[in-house]
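Here's the structure we're looking at; comments come further down.
Note that the chains take the letters A, B, C and D in the order they are written out, and that residue 1 is the start of every chain.
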Amino acid sequence: MKVAFVIRKDCKRCATIAKSIIELIPPDWEKIYDTEAAKFLGGVGKDITEISADIIIAIGGDGTVLRILQNAKGPVLGINMGGLGFLTEIEIDEVGSSTYKLIRGEYKINEAMKLKVYINGRRLEDCTNEAVVHTDRIARIRQFKIYVDGHFLTTIKSDGVIVATPTGSSSYSSSAGGPLLLPTVRGMVISYLAPYSSRIKPVVVPSESTVEIKIAGNDQDSLLILDGQKEYKIKSGDTVSISMSEEKARFVSFRESIYDRLRDKVIKHVVN
Amino acid sequence: MKVAFVIRKDCKRCATIAKSIIELIPPDWEKIYDTEAAKFLGGVGKDITEISADIIIAIGGDGTVLRILQNAKGPVLGINMGGLGFLTEIEIDEVGSSTYKLIRGEYKINEAMKLKVYINGRRLEDCTNEAVVHTDRIARIRQFKIYVDGHFLTTIKSDGVIVATPTGSSSYSSSAGGPLLLPTVRGMVISYLAPYSSRIKPVVVPSESTVEIKIAGNDQDSLLILDGQKEYKIKSGDTVSISMSEEKARFVSFRESIYDRLRDKVIKHVVN
Amino acid sequence: MKVAFVIRKDCKRCATIAKSIIELIPPDWEKIYDTEAAKFLGGVGKDITEISADIIIAIGGDGTVLRILQNAKGPVLGINMGGLGFLTEIEIDEVGSSTYKLIRGEYKINEAMKLKVYINGRRLEDCTNEAVVHTDRIARIRQFKIYVDGHFLTTIKSDGVIVATPTGSSSYSSSAGGPLLLPTVRGMVISYLAPYSSRIKPVVVPSESTVEIKIAGNDQDSLLILDGQKEYKIKSGDTVSISMSEEKARFVSFRESIYDRLRDKVIKHVVN
Amino acid sequence: MKVAFVIRKDCKRCATIAKSIIELIPPDWEKIYDTEAAKFLGGVGKDITEISADIIIAIGGDGTVLRILQNAKGPVLGINMGGLGFLTEIEIDEVGSSTYKLIRGEYKINEAMKLKVYINGRRLEDCTNEAVVHTDRIARIRQFKIYVDGHFLTTIKSDGVIVATPTGSSSYSSSAGGPLLLPTVRGMVISYLAPYSSRIKPVVVPSESTVEIKIAGNDQDSLLILDGQKEYKIKSGDTVSISMSEEKARFVSFRESIYDRLRDKVIKHVVN
């Protein structure tokens, strides 16, 4: 068994949590650290892109989990160090009991859709949450053309366009007014940041579809942001293409059903 | 070939359109009328529930189309006599050319998901657009419990809950803030009328799922409305169950792709 | 000093709270009961329309407060017996301490705008929260024409139209997507229930304006609902006119500023 | 009479329009040009900040009008050269007839509220539409604290916060889900770009209030953008203060009432 530890940048508390787990897991399990964890725990850290393990323990927040899923190989167990933590499985006070479950193999691996993203045919990192095409100048609306499977869908004036997976539907896309997609839905959702017209609604497309976004007009440079982690410049005439990846995001889970998770993380306390 | 004509109630203009089609189609095609059409065209009209044909020509609006899909058997060709006409295929000025296409067999039959709906295990009419559970007293919010595949999802206080097909996602569900589902999406959308809390978002669930809605609390009588056509009373403790029907809604279409239709009917003029 | 007690229908717990207050207040203060409170507390109850007092203690929820403001005369102190209680000032566990503040005169009277409402020139009850014009048949959209100060604003297809005061802006209007108006804003907000088009936005108009709503088309009977308490039938051709009343809603308050109240009641826990 | 001409950057067509107006107006009227107009029309152009006139003719779009109102002195007559043109009064085909009205004095000057904006007590340019505080890194949500008249209102996680005048309520604030404020409303609206929580609603505050926005947390550099024209960097701890300016935006208008303008520009074609 090979366990990797990846922690949030400069987070000493995260390293302390890592240490407490390391003390509990069997001595014959192989442990590897990313460069951040190695700063605090000693040893030689690996760059996140070189990490491959049976379980990757992410200590931090959703950003840490997304960075792992974008760069490393292996199922992720996220430990939430603050914030809402849609993608983290456990809270700090569950670290001990969850480690024992890990040792006893009492966990499941849930798979989730990832997006593959191209600019003009060049493949970039996969996304677990969403790809965002956004004006590169704040408060300067852009005009985007959206195609599904080669068919023109609409032209939209907005600050940006988001294409999100079901996992990502509770994140940035939700802030943009997008619906929640249950993890079992085979689809993606297209939503819009500050659309000029309120006529356009978020659109749900099948997971087999390819969504293309083109920047209309000249002098409309924009940015492509993948999972809030990586940024690429795009310019008028460029085509961003987004579809389902062959790769899956894999999450270690101790919960019985995805509905438990949904209620815990996404839909709590709605009545009032 | 057997062609049925169903028209909007008391619509003389609709009957005139029907007549103009009848004059064009081959004399050996069998023609049948619903009771409304027969009022104007003569002959013995059939009750809509007894109509079964190779093509059913609906002259009126979306209501006429929905009533046919709920009661009759056969693919529908809708002729729009006013209003937006999401479900009608052609406008009045296309009647002539479209009739010739019909005669030459130059059309497709598109299938769309229907919902089957139960109250306490008793099956009701199928829906093409949506099933709505709604308070029976205006401006008196109700509390609904929503389950997906037997798992509790959330409790919602609102005027009502809508479960819509992709076809219905551009109708009442859209007025309630729901997203647009492309016709190719295998899913349904749950949206809410005047929800007390703005925290809850419309939820997209897979087409294989069963959505159950229960009325929470006592003294909370409500209504179940199917496609805006049929109304049933429900009371506290009753369970409304909604899932994909074995039956399909079938539409006669002259368009090349569903995207043409989408742009024509749903997503036009978004830029300004 | 004359104190009136009005309680929620059939609420024995409410009567118990009333009793505990009565035991604390000076014996020379005059106490009067509404018919509901009298059922439990003895004595001769007054109809709510006959109640006039220096302070009216409302024990129940927002409905009880709204009913008093619609029918009785005097500033209201609301005690929340469950629910969110936008219009109630105190919770059950504050009853003792608040009664002492009342006795010592340590309270303020806050005034809030009320709406006066006419159907075809006939004046109805004033509203503290909102007037709603709503289709009388569920899921049957109506077409409403809206005028401001005699000028045509727009035609809207929807389930209903709401005109709300700043006080009511956090209630039903908010469920319909309306903004929050600070209590100090001299304005009203027009919002829409399930509008057919998402192009129309809620509109804020000055408090001096008169909003008129007409039902367009024939056969479009609707309902006018005042503060969720009183219902009137309206029919095609009728005009509902809504403007600022000369009367004010008066609330007993122990809070230092309206912002304390806003944060407590309306805007809490927004960050997550 | 002194008339100034300001045109969109590098817009030769705009200069042609200017020329056609110049040929119509009386020879004894003084004409001045901004540097852009002078490029095409000859003569010595003035910097926009030095322009002061009885009427300033803006040929371009809303950006041109906003730039004039931010920098020059005098009432503006906007000619729309493309785009929606909320702030422009006339279309190209009305230039001739409108110039004659101008000569005959058949116009009104409408005044509209402007915002004065401070960073840490330093006054910046006034705004006609809105002031936006926005994260300086795309897709990186910030936490903002909002105060009204010194009272803490709420903390909001979002891409940005907008404070808009009634004039600006139909622009960027509307894209962010804000309501429309009639020009006669004495208020401002606070709305949010991609808010993390959907619980928070746009808030309308009185025009006499001062809205303060502070950036919460460290390392949260942001931008302040005034009318989409001027940009300032702000950092953690800085306070942006927004209130009603003593100055007014003044618009030349040929319309009889503000409602004509509203319907033409903002609320058209709502029914379908």
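We take it that a residue touches a chain if its C-beta (ideal position, glycine included) is under 8 Å from a C-beta of that chain, and two chains touch if they have at least 3 such contacts.
Remember, it's a predicted structure, so these values are computed and weren't measured experimentally.
Engineer: Just to be sure I understand the contacts, which chains border both chain C and chain A?
Structural biologist: B, D
Engineer: Count the touching C-beta pairs: is C-D or A-D ahead?
Structural biologist: Taking the two pairs in turn, the one with more contacts turns out to be C-D.
Engineer: Return the chain whose centre of C-alpha atoms lies at maximal distance from the corresponding centre of chain C.
Structural biologist: A
Engineer: Calculate how many whole Å lie between the centre of chain A and the centre of chain D, each centre taken as the average of the chain's C-alpha atoms.
Structural biologist: Here chain A and chain D have centroids separated by 38 Å.
Engineer: Quick check: what residues of chain D touch more than one other chain, meaning two or more?
Structural biologist: Residues 174, 196-199, 201, 272 of chain D each touch two or more of the other chains.
Engineer: Under the touch definition given earlier, write down the residues of chain C that touch chain A in their complex.
Structural biologist: 84, 197-199, 201, 272
Engineer: How about chain B: which of its residues touch chain A in the complex?
Structural biologist: It is residues 143, 148, 151-157, 169, 174, 178-182, 184-187, 189, 196-197, 199-206, 209, 257, 259, 262-263, 267, 269-272 of chain B that touch chain A.
Engineer: Which residues of chain B touch chain C once you look at their complex with the stated criterion?
Structural biologist: 132, 134, 136, 138-141, 158-160, 172, 174-177, 193-196, 198, 223, 225, 228, 231
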